[in-house]
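One chain, chain A, appears in both complexes that follow, with chain B as partner in the first and chain C in the second.
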Partner chain A sequence: MSGPEGTCFEGGVFPAKIIFPTDYPLTPPKMKFTCEMFHPNIYSDGRVCISILHAPGDDPMGYESSAERWSPVQSVEKILLSVVSMLAEPNAESGANVDASKMWRDERELFNRRAKEIVKKSLGLDKTDTS
Partner chain B sequence: MAESLEEDYTYSGDDDDDDDDADPNDYYGDECMEEDQEPVDEREPDPEYFEYKCLTVSEAKTFLQRQVEELCSKLKVDKRSALVLLMSHGWLIAELENRTEQDISNLLIEKGVLARHVPQAKRSVCGTSCSVCLQRKPRDEMKALLCSHFFCKDCWCKQFEVLINNGIASDLQCMAIDCHIGAPEDFVLSFLHVETIRKKYDKFIFRDYIKSHYNLRFCPGTDCTMVAQADKPQSKRVDCSKCKTSFCFNCCGAYHAPTDCETVKKWLMKCADDSETANYISANTKDCPKCHACIEKNGGCNHMQCSRCKHDFCWVCMGDWKFHGTEYYECSRYKEKPDIVNECAQVKAREALKKYLFYHGRWENHARSLELEAVTLGNINKRIQEKVMKNEGTWIDWQYLLDAAALLAKCRYSLQYTYPYAYYLESGPRKKLFEYQQAQLEAEIENLSWKIERAEKYQRGDLQNQMNVAEKRRQTLFKDFFPT
Partner chain C sequence: MRGAALTTASFVLTAAVVGHAYYQKKQFYPSVVYITKSNPSMAVLYIQAFVFVILMGKLVKKVFFGQLRASEMEHLIERSWYAVTETCLAFTVFRDDFSPKFVAMFTLLLFLKCFHWLAEDRVDYMERSPVISVLFHLRVLTLLLFLGTLDSLWVNFAYHSTLTKGATVQLVFGFEYAILFTIICSVLLKYVLHTIDLQSENPWENKAVYMLYTDLIMGFIKVFLYTAFVAIMIKIHTFPLFAIRPMYLTMRSFKKAVNDIIMSRRAIRNMNTLYPDATPEELASMDNVCIICREDMNTACKKLPCNHIFHTSCLRSWFQRQQTCPTCRMDVLRASVRQIQQPPAQQPQQPQQPQANNMPQPGQAMPPFPGYPFGSHPFSREQDSPMLPLEVLLLHQGSRNLPLLEVTSNSPRHRLLKSHRQRHLLLSTSKSFNFSSRDYDRAIYNYHRCTAGCTRYSTKCNAWDAWNASHATIYDASSFSNDATIWFTQVTHLA
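Right, the complex of A and B next:
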């Protein structure tokens, strides 16, 4: 997945796995980034936390009665779109990564810098040889 | 609301009421569950009195059914609409009956009972292929809710099974994206063919009804299916007529008078959170007498050096080590407390901790006493058996001992729950009064416990008298501090 343009994740290429359960499409697949990520809605192990991927009845943050839910007719394309828009606009209120949420909310500059580092890492560029 | 209906379920609890557990004529005291109801004296209503009924599942279902029917006839809507409206308003018919027709239909749209627009038949668009499994299916296998989103029977069935296994019942909806049309019971049931899943659905949907109901509560007892019903929900005691669990109607937790639901919740949370940590800190650490850093002693030597300020002191007397010299055990002599009563945060924290541990210790202690007294009750039963065998009186003659044990348990239970109340009570004359009454109650309870354990040595009258005194103390405290 490439980082959306015009955001702090611009230019990055982030590998991720989508794991489909045996009863797909009745229950949603899981998505996990396999590279290092730093984002309010991505757990430190790479799992993505967005409403569209939540199993029915499972609402860990207890906030999303109105948010977009999983439905058996949702498509993988829709999931990927949602994840891209999540990268562009984190939801700091329901943080999966509390540190990232805090930094996103209070120290945006620092967050942007951290995101840039992640982008570089995803491209295999070490800090020293960047232009 | 449905007052006229409720009479049907009233069981005659009040008939075998006694105004006093210690009534010498009350040989059947433990058979009925009204221990806590009472006084006949109406000038002084018992603050613990609470009117409620225990319904079985089928009684509760009938009751709900009647409420649905009542709303149907009042609003001229069908059962499904009435049900959804009731669930979203805590089953308060009064809140719904005066709404305008427009208001009601808006509500129904919002709740997914009615479709916002009359949908055009999308069947032709979808053809006969199901958009979930992407397979072509014969026309008659395609089903839809009133939103006309057609899916095949198999997919509906599997979807419902998955969701029901996740505990979703009354919120089952259409599978289409952003479609919030709810699935009525008969629609769901038409796809469920496995008996276990039908039962599950039935159970969950009943649970959803009760959970949304203002006047009904599930008994929290293990595997108990009874439902308590009260016209005016209050945080008062309910004794389940089946499993004998007593719980607070308002919060469904263990009964906690005279403390209120909020306070007891705070207290229990506090106990669960930090009692162990607090105990450890208090038992194993002291503050450095100079800089008040919290210090844990991890070796045998009592000569301590604070790692922060390098102050040398004695762990035993907390005095400066310099003055210990060679006569180490001088510090066993009692001295005035050194002047460390500073307003430092740590001193305050320790004070707060001390206060908490004081109350928590008593709370725990009474909980333990309750357990031990349950053992005593077992012994009493044995002793009574023996006496009856030896022809020393009949079973009935010794019944008063059981009454006494039951009363003791009740009083001690209340006493236990006075401690969280006292912990959160602000100091002042009211707290003084509370603590005075609490002490009185405690003293009488200990007397009673003493006498019950040595029941043979005391006259029956003596014991009876002690029971009356203890119960009186309890009621006095409740009258002053437990809101009616």
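Right, the complex of A and C next:
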């Protein structure tokens, strides 16, 4: 996945894994970045936290309406699109990475610098484009 | 690293204490007496025992689980904190029996609980992991056997102790182990279900049903045990504060299990009895790909009240999880109730409404707004509310490769402004379809203006009933840029 243009992740190429359950598409797949990421909605181990990847039953953050959740209509393409848009516009309200959320909200400059570092690292480590 | 240092430190301290005692007393028995009489030495030995427990835990973990996954670790830590707190609360109830033996028994209980949780997580993981090795089966089976035996031994012991010595703290252990035993049973059942599923080539359709029933039965047993436990505790001791949280959680999950079963059964029954089979013409008029399995629909298809068509078997599997339409998220249970309740009220309106499955084709002009087929209004209670629920969702019909814009309205209006992400999603797709962000903003602006005026209107005209419908309609994004703004403007004028 390449970082969206015009954002602090611009230019980065981030390898990620999408893991499909056996009963896909009835339950959502999981997506995990295999490189280092620093983003409010990505856990420190790389797991992506967005509402369309959550099954309607469980609500880890306790705020999502069921309309935003997983449904079999969602496609891989849409998941990728959502993740790209998530990279562009983090949702600091539902922080998976609390440090990143805080930094994004309060110290945007620092966050942008941190993101640039991540971008550089991603280019240095792995050049395969998975998106 | 720190753990290793602490372990070494405790070993060194123990060695020092024992060495010192032996150096002073020269003989085995007097040195034992010396150590037990000295409080600092005993403290060191207790710490050593604790370290042993942790080392033991690590060993068992290595044998039965290998490397723990991050989520398992997270679960474990989260649950252990609760368990430790509850154990401390339990100590307050049994402060009279407080002794090292008592603490040791609680530690053992906690220790075993951790492995029950891990077993639960591991078996849940089976469903998602791509390859299950023989080692995995061996580990899970021996672990379950081991834990199950321990639990039943403890239950047995507690039972006999209660019979002979009357109600003591053993009662608590008895119940705790009984609960753990039910966990083992449900893990075992799930393991069997997963294994059968893995053995067969095709996905096993009824597995979800069996899983639901397993949850139901185990939930029932747990609720029963907790209720009995609390009743007995109130009778002989005091109110068991430490059991409140697990009891509440158990009841909640039991309620959910019951609810799930009832809802899914009702949805599937509705599907079989109420919803019409899709006719070949209907299938031909739209692209006949089932959105769930992405395969062609020829026979055995059902049409939901919202006019979306799916394979019957795909729908059944989906309804076991969720009772909404996969495409528009219309609540099928609510919709069918409505269908039954108000068929006469709907009939007179039918003639002025074009058929709902007449979806506008790309490039074709939108039908005029008044009376446009939005179906009936499911949220009549929201009719007069100033917060007209509305949300714009982008739906993508993969097979056609055309982004579709769906206007659904089942969340408060202000969400629209908040959901930047969806907006972005829309914008990012719109780029490839010459659909500028200005068009989008204008549409939203108009949409917004008309929703602000909707309350006055809703009492007068059916058109606003339509706005209240949970599922409005689907527009093609390619025609959206031209037609939708016009359409939205029309709506604004009407308002």
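Annotations
Rule of thumb we're sticking to: the second predicted complex is superposed on the first by the 122 of 131 C-alpha atoms of A that agree within 3 Å, B and C clash if a C-alpha of one lies under 4 Å from a C-alpha of the other, contacts with A are read in each partner's own complex, and residues count from 1 in each chain.
Here is the rule we go by: a residue touches a chain if its C-beta (ideal position, glycine included) is under 8 Å from a C-beta of that chain, and two chains touch if they have at least 3 such contacts.
This one's a predicted model, so the numbers in the text were calculated from it and none came from an experiment.
Of the two partner chains placed by superposition, only chain C is touched by A:N91; chain B is not. In the superposition on chain A, A:L123 makes contact with neither chain B nor chain C. Taking chain B and chain C in turn and counting the residues of chain A each one touches, the greater count comes from C. Looking at the shared chain after the overlay, A:S71 reaches both chain B and chain C.
Contacts of A:A55 after superposition on the shared chain: both chain B and chain C are touched.
In the superposition on chain A, contact of A:L26 is made with both chain B and chain C. Once the two complexes are laid over each other on the shared chain, residue contacts for A:D45 go to chain C alone; chain B is not touched. Residue overlap on chain A between its contacts with chain B in one complex and with chain C in the other: 23, 25-27, 55-57, 68, 71-73.
Of all the residues in chain A, the ones that touch chain C in their complex are 4, 19, 21-23, 25-27, 30, 45, 50, 55-57, 65-68, 71-73, 75, 77-78, 81-82, 84-86, 88-89, 91. Per the touch definition, chain A reaches chain B in the complex via residues 23, 25-27, 55-58, 68, 71-74.
On chain B, the positions that touch chain A within their shared complex are 131-132, 155, 158-159, 162-163, 166-168, 175-178. Within the complex, the chain C residues that touch chain A are 70, 127-128, 130, 197, 203, 208, 291-293, 314, 317-318, 321-322, 324, 326-327, 329, 391, 393, 395-398, 408, 410-411, 415, 419-421, 424-425, 428-429.
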